[in-house]
Amino acid sequence: MNAIEVNGLRKEFKAYSSRPGLSGAFRDLFTRNYKIVPAVNDINFTVKQGEMVGYIGENGAGKSTTIKMLTGILTPTSGQVMVNGMNPHKERERFVQTIGVVFGQRSQLWWDIAVQESFRLLKKVYKVSDADYNEHMDHVIKTLDIEPLLDKPVRKLSLGQRMRCELAAALIHNPPLLFLDEPTIGLDVLVKLKIREFLKEINEKYNTTILLTTHDLTDIEALCERVIMLDEGNIIYDGALRSLKEKWGEGKEISFEFLERAELARLQTLTEDLGAKWEMDEKDQIFTALTGDDDEVISQVIARTVAAYKVRDVKINEPSTEEIIRNIYEKGMMHHG
Amino acid sequence: MFYVRMFFQYVAQYMKTRLEYRADLVVEIFSDLLFQAVNLIFILVVFAHTDFLNGWNRDEIIFIYGFFLVPYALFSAFFNIWDFNERYIVKGEMDRILTRPIHSLFQIILERMELESLFGAITGLAVMFYAGSRLGLEVNWYDPLLFIVLVIGGVLVYAGIFVMIACISFWADARTSIMPMMYNIGNYGRYPVDIYNKVIRFVLTWVLPFAFVGVYPAAFFLGRDEWYVYSFLTPFMGLAFFGLSVYIWNEGVKRYRGAGN
Amino acid sequence: MDKYLEMIRIRFLMMLAYRTNYYTGILIYSINIGAYYFLWNAIYGGKSEIEGLSAVQMTTYVAVAWMARAFYFNNIDREMAMEIKEGKVAVELIRPYSYLGMKTMQGLGEGIFRLFFFSVPGMVVVALIFPLEFSANAATWGMFAVSIVLSFLINTQLNLLTGITTFFLYNNTGLIRAKRVLIDLFSGLLLPISFFPGWSQEIMQYLPFQGISYIPSMIFTNGFTGSEAVEGLLLQAAWVLILVIPIQILWSIAKKQLIIQGG
């Protein structure tokens, strides 16, 4: 069964522009300029039950808008959305019973009351029985290690503590589908790791589908096999994270740290015929050559460089996912779909 | 049933938080009282210079004000939505509301209730009894029942108007100051509408029917039989306006654009 | 000085951006004034004058009192309370300007906006509907202009004072509301001070509130003329000066407290 089915989904917004200056503002009083901007541009995808999918893109690419349409917050301009077999906006109150949502930037919990009071209220809101609650939440509370936080008011929690509580709150009714919008934003590494562990666990235990948007690609690498990549409202990649790497992660990076002053221009001319491209990190005096995957070329580049300068350190790296993705965006990515 | 249970859940939660800041609670109740006192002072000062207001005497006007306070208190306790635009639309709290399985308007009512406003109902009753006894009004067995029905009608009229105004936020992205100003207009229902000219009377009866919150229902208890028709229309106006406002709300939610766009 | 002017301009532009305000504002203020007009007509009944004001003067009083309110009224107390609670004030304090001065300028920007887009056109609309009496005397207009500037200052100073109390009270919403209600009554917005019983007029003599609405409105309606009007202006000016003192004292205590609490 598919947890999410999206067909030709589109959302347009009216973008108002204001005219400059005082006289412009006066004219804006009566008529305002606007144009219609598609935030999400006829996209299609499906997510199977139990999948963990990373939904990525730059700011303003349309991630949040999509998530909001999938959760029933926004009504699509056109196209079909089927989530958990329902149309989110049409049967909103019945539908939201089957999803959990965490907005990293926005709290689900009541600011002034103790965390467990919030939980108790949400338990009532989602009509969860005592037995279900105890069985399920005991486990969640233990795994997220929030037992000691339960009697504190939310406003006294640190960001990391709060985020763990938010996650627990989103799971009170044990939804088969979980939306996470920037769940790890601003968190330290240990909390991030804990949250990732936890997400993996509930995915395995309950076959929970997870759709995750994040700026932190290490989250995606740790959790998701599949990524959907968005640019200007269009899906520009939908597939396995691994093949994304294979497809666009061509080439290697060789970084050198020299014992003496080196010149970028000289290194460039030295390896011109091999097709290596040099970059320099000013601060640490680290020089990086970008080459193809050919082992012969790589060893040639190293050999010539070492002959020219004394070397303190050499590293050969594959480009990280982040670099690959940055690369894709920089190139503009024409391979839509 | 579920909604009734949720209501009491939220009330319990509300009490817990409010009792933590008891000092604020006292100041707020005090400032409410002050507000009511100012309005009474206005009436008293005015009647130091005249005996009748278009045929209504001082105690009748005070009685109407006392009646008005009761539905107004209930309205203020549960429809505290004057900052709906800023709180829920601009700051995006509406997103959260829409991911929960309770009707969105009901959730907002629950979240924003201010039960301390209910003290105004006590003031109102006291004022009514004071004025009523000076007027020598008698209480019939059916009066309390009618009183409840008329008060609920008044609350629904008030709530309907303000929910509709809140709905403007779904269509227009601008912050509006209609809300606070509407509170001023709401006060005109406190005076006999026959002192106004025809247009305003029409507006207060059919367009922004604030007259159904104060003077029309109160006219019944004052035995002003020329206005009985309006008195008995009160619950129906309430249902009509509130029903319409919920319909508009539901349509508005469909057009909700989300925060930060 | 430039930065303060800039602040006025920015506020002005911000207000312009909210155009629904503009469309509905005049209408609603007119309804407001209209309702009071009818109420006062009913109160006057057949009487030609009460406390030295004729019915027409009274209508003019109500109209100008409300339209002037659009100019002097602002929510900077509420804004300050919000900024203090959210801890934004600490940031404001390290900026190279006086926080209180800046707040006043924001209020002024708002006030000027409402003066031109609310009060003036509103007054025209109201004058078309209701019988009002405008003075033909340039001196009256001049004194009125000075008077509403002073009433803006007094009201803003009271707002600053209430705003500063947020430092000392965790939640002062109730206080802010109470202040607003008291000002509506004691400033003469709802009723000219001369309508109150003698003993309460005595007390109000010693309060700053009548400088906010009663004095400018009386000047405008020719209720105060000649030396009475000048006295009124002097009284307003005196209050502007006096109110500087508690503001400065509370503000310096508040700043100390801010440093101790760290925001």
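Observations
Here the chain labels run A, B and C in written order, and each chain numbers its own residues starting at 1.
The rule is simple: contacts are C-beta pairs under 8 Å (C-beta built on N, C-alpha and C of every residue); 3 or more make two chains touch, one makes a residue touch a chain.
Protein names from UniProt, one per chain: A = ATP-binding cassette domain-containing protein; B = ABC transporter permease; C = Daunorubicin ABC transporter permease.
From a predicted model like this one, the values you see are computed outputs, not experimental measurements.
Set side by side, the interfaces B-C and A-B show unequal numbers of C-beta pairs in contact, with more at B-C.
Centrality annotation: B (chain centre taken as mean Cα position, compared with the mean over all protein Cα atoms). For the pair chain A and chain C, the distance between mean C-alpha positions equals 51 Å.
With centres set at the average Cα position, the gap from chain B to chain C is 27 Å. Separating the CA-averaged centres of chain A and chain B is a span of 46 Å.
Those residues of chain C in touch with two or more other chains are numbered 17, 19. Counting partners per residue, chain B has no residue that reaches two or more other chains. On the side of chain B, the complex with chain C involves touching residues 21, 23-24, 27-28, 30-31, 34-35, 38, 41-42, 45-46, 48-50, 52-54, 168, 172, 174-178, 181-182, 184-185, 187-188, 191, 195-197, 200, 203. Considering their complex, residues 2, 5-6, 9-10, 13, 16-17, 20, 92-96, 98-103, 173, 254-258, 261 of chain B touch chain A. Residues of chain A touching chain B in their complex: 13, 16, 39, 64-65, 68, 71-75, 89, 92-94, 96-97, 99, 101, 103, 106-108, 110, 112-113, 117, 121, 124-127. Chain C meets chain B in the complex at residues 17-21, 24-25, 28-29, 31-32, 34-35, 38-39, 41-45, 47, 50-51, 169-175, 177-178, 181-182, 184-185, 190-191, 195-197.
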